[in-house]
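Which chain is which? They are A, B and C, in the order written, and residues in each are numbered from 1.
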Amino acid sequence: MRFFYQNRAAAQVCPKTIVFLGALGILCWFLVFRLGSDSRPKSPWVRSEAQELIVYCAAGIRKPVAEAAKAFEEEYGVVVRLDYGSSGELEGKLELERAQNAPRCDLYIPADLSFSQRAREKGLIAEHLTLASFQLVLAMGSDEDLPTQSLSSLANSDLRFGLCDEKAGAGQKTCEALKAIGLWESTQAAAKATFPRVTELAGAILSSDVIQAGFIWDSTAHQFDLKIIPTPELENIQSTISANVSAQSRNPTWALRLARYLSAVDKGAAFFAKHHYNPANGDRWSLTPSITFYCGGVNREAISPSIKAFEKREGCVVETQFAGCGTLIGSIRSGPEFLPDLFMTCDASYLSMVADHFLHPQDVSSTRVCMLVRKGNPNGIRQLSDLEQADLKVGTTDPAMSTLGALSHAMFEDLGIASSLRQQQSIIVTTPTAHELILQMEGHDKLDVALVYEANCQNLGHNLEIIPIDHPLAQATQNMASGRTTAYPQLMERFMNTILSDQSMESFINQGFEWIGLNSKQP
Amino acid sequence: MDWTQLETALSGLQKHLFLQAQSHRPKSDIPFFTGMICLAGFYILMILLMVCADLCYTDFQSLRQTLGEPEIQYSIQLSLFSCSLSTIMSLAVAVPIGYLMSRFEFKGQSLVDAVLDIPIVLPPLVIGISLLVLFNYPPFHWLSDWVVFEIPAVVLAQFMVACAFAVRTMRVTFDQIPRRYEQVALTLGCNRSQAFWRVVFPQSYKGLLAAGTLAWARSLGEFGPILVFAGSTRMRTEVLPTSVYLEMQSGDLKGMLSVSILMIALSAAVLVLARIFGMQRINA
Amino acid sequence: MIKLQKVSIKQGDFSIEDVSLHVPAGCYAGLMGKSGCGKTSLLEVIAGLRPICSGTVTLNDQDVTHLKPSSRHLGYVPQDRALFPNMRVGRQLAFSLEVQFMPQAEIDQRIRELSGLLSLDHLLNRYPDGLSGGEAQRVALGRALANRPKILCLDEPLSALDEGLHEELCELLKSIHKELNMTILHVTHSRPEAKRLAEKIWHFKDHQVQPAD
């Protein structure tokens, strides 16, 4: 029997409790979803970004690409449509689409590197990821006897062989290889037939009596169960398959994801190996890779747009730590779990301190140390030695803890003014970074001069101006290097390319840096 | 159902209720205390583990080397001096503000309350830059030479933050002292000043001790406003937390931890001593 | 004497209007009423601890309406006694005398008198938290009487005491009234207590003070 006399008030839940629990529930759901985003690829948010990807794939490499693409489709629900053709045909299609401003292709996978290089020169592709390599061979039907082993006697032999069209990867490679040893014209003349695609040539070798052998890929030979004739001249004739993101792709992020999937050592590589290709073993797979980037604080404003653009394009997460280089060095030295994937410095001397942990550094930019004074330069300061003036109040960053401070005081020593500055007690304040010095110059009129980087002075108030310093020590060079132990070396290569791109260069120049990076047009 | 049946049913119900009440046993207190102790223990353990981790990571050699540096010795002395001075100043200001806010109601009181909380909610660097900008204007500008980027700036920056916490503590303290004591004191011939010093203030010693230790601890840990307003000039305006920050900037983790351990030891020593002497005075 | 003429108080939702009361000099008056009717507020008005909106307060023929509590020279014992927690009994008794910077010898003499009157000799070194209910009540009384006020206001002084103590303190109050010839206003909600001690009784009812039948 229900006892109606029970205290109903006690059984009621306070509305505030409901609201609180509801908010907690939403927070938990959000956290779980966000934290688990990589392990829940079929979530509606991920799916809605791209419904379909169109891949132009060379016919000869159809099988591994098709299988890998199917696996990708099943895992992530993105439909991958494969258009086959010869590498040259597909290149032609890309050009036509660009001319007609009707972009269709997302990913272009030719059978040879030369096609991808040419496409890049024409501006048809953006990113390029190596997938696998294979070898050009002379193959014949399995029931045939091996007739010859030297290409020089092939033209004069009775062997009925075929070639691929030069538009096909195999055809182009054959042409290059034979031209290099001066046998192209004779071989071309002696060929019984030319086929537009390598698979058609392989099919003809297998089924037709007219063609006994042909110049095809080793993987195609395995696919069609043909015998490979050992040919010394072709031993080192390799071709590299690459996945190239179309410059006009409407889904560059997903196209890059597919490219990474195909190249991943733990995903696509297996499919290529299965079909007797030599996989390139790219970065390990992650739908949304998370990388750690340590960056010197002086670069912050200049590099932030590049980081955002890279994250958006690659569909990755860049966990950036902006801090003084000393702090970053301290973290790097604390242990292997604190090593970043990429490190960009305020000054190259810092990277030298931890060179063992990083690959070869690349210079990006430089900035000069300058003197910040009141508008109108009331104390008439033209050069560093003018700081010796009586009653001048100078501010620097800490010489023991900061590159800027170290450079400043090194210049004082070099010019022989350090002792007089000490005697006059001219340096009335030191700070950890230039930011505090600039705040102090802007906030109060006690300081007359502060030594800062030009790159720190982009957003100065109207009451301050810069006096440049002409001294060899007045320069800091920013460089970067990827970590030796990074799980994503190729991703890091692309990240560094982004940092060295034209857009990035513009951003650095706008922030007052001098650009010294390669891989980009100099101003 | 007629009235007789209803009466019978109700008396049966009554009996059932009585029996149920008799058989009710309150639930055990063990889960309550377990939960409280676990939460409290977790936090205390975390603090102790953090300190142990710092101790384990550094070594005696590092510690001795750090203590031997003249810059560190100077920053210890300056920290002790500036924290003590800012604490005294904080209490001198917090007591009257706390008393007035507690005892009197006036128009705009909630606004004044909000203003008193500003130093607590503002980021430390903003306090530093605000002080710097303030000293551009008279009459503060007349004192710039003596204050800005000098030791008085350290004390002032610490005071601005520490006092806000001391005010809160003293207000709560005075709120807890009933007004009746002062009222009786007034009827016994006191004016308000006598009533305050003879009756109210002696009862606020515990709150004063709490406010003083809080202000001291805040002063020791604060370095954001000091960086901008006083700078971090070695052997001049560098205090212990600035030393930690500078060691960190140079990538010297061991050096940083040595200074941190020094700060922990110093603050623990001062706070424990203050409590012992303070409680002795209160209990006397 | 105590005279209230058309006194009005307003604080938040609580208000009393046009209350008049006249306690002749030397009279032991009782003021009765239900809890929360405003008896304590009236005492506070007389002591000067609560401001009034209108009316006058006269003590011993002197208009004290705008005088500070410290100038009204009366004794006040609140309902919760409010003994100063960190002062010993001796210092509590001496408090009002020390405030006037009276010589120590006179202060000591007065403490002896009060201790004798109220049997507090053995309690002088104790703190309030070491006192029983009756002892605390006597200390509060002694503190209020130290400065020889002519008027004494008592707010339910006997409410928390057991029967034996109640009896003892009733006798004490009677003897104080007789010996010191003071005007006493005693607030209580107990009719027997009022009848026992008071010469005149007023009722505080419906925000009005009326003589009892």
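What we mean here is this: contacts are C-beta pairs under 8 Å (C-beta built on N, C-alpha and C of every residue); 3 or more make two chains touch, one makes a residue touch a chain.
Because the structure is a prediction, the values reported are computed rather than measured.
Each step here moves to a touching chain, and the least such steps from chain A to chain C number 2. Taking the mean Cα position of each chain as its centre, A sits at the greatest distance from chain B. By the count of C-beta pairs in contact, the leading chain pair is A-B.
Between the CA-based centres of chain A and chain C the separation comes to 88 Å, rounded to the whole angstrom.
Computed centre separation for the pair chain B/chain C is 42 angstrom, with centres defined by C-alpha atoms.
Between chain A and chain B, the centres computed from C-alpha atoms are 50 Å apart. Interface residues of chain C, counted against chain B in their complex, comprise 44, 47-49, 68-70, 72, 74-76, 78, 80, 82, 84-86, 95-96, 99-100, 143-144, 146-147.
Against chain B, the residues of chain A that register as touching in their complex are 3, 5, 324-330, 333-334, 353, 395, 398, 400-402, 427-433, 436, 439-440, 443-447.
By the touch criterion given at the top, residues 178, 180-181, 183-191, 194, 198-199, 202-203 of chain B touch chain C in their complex. Against chain A, the residues of chain B that register as touching in their complex are 17, 125, 128-129, 132-133, 135-136, 144-145, 148-149, 227-228, 230-234, 237, 245-253, 256.
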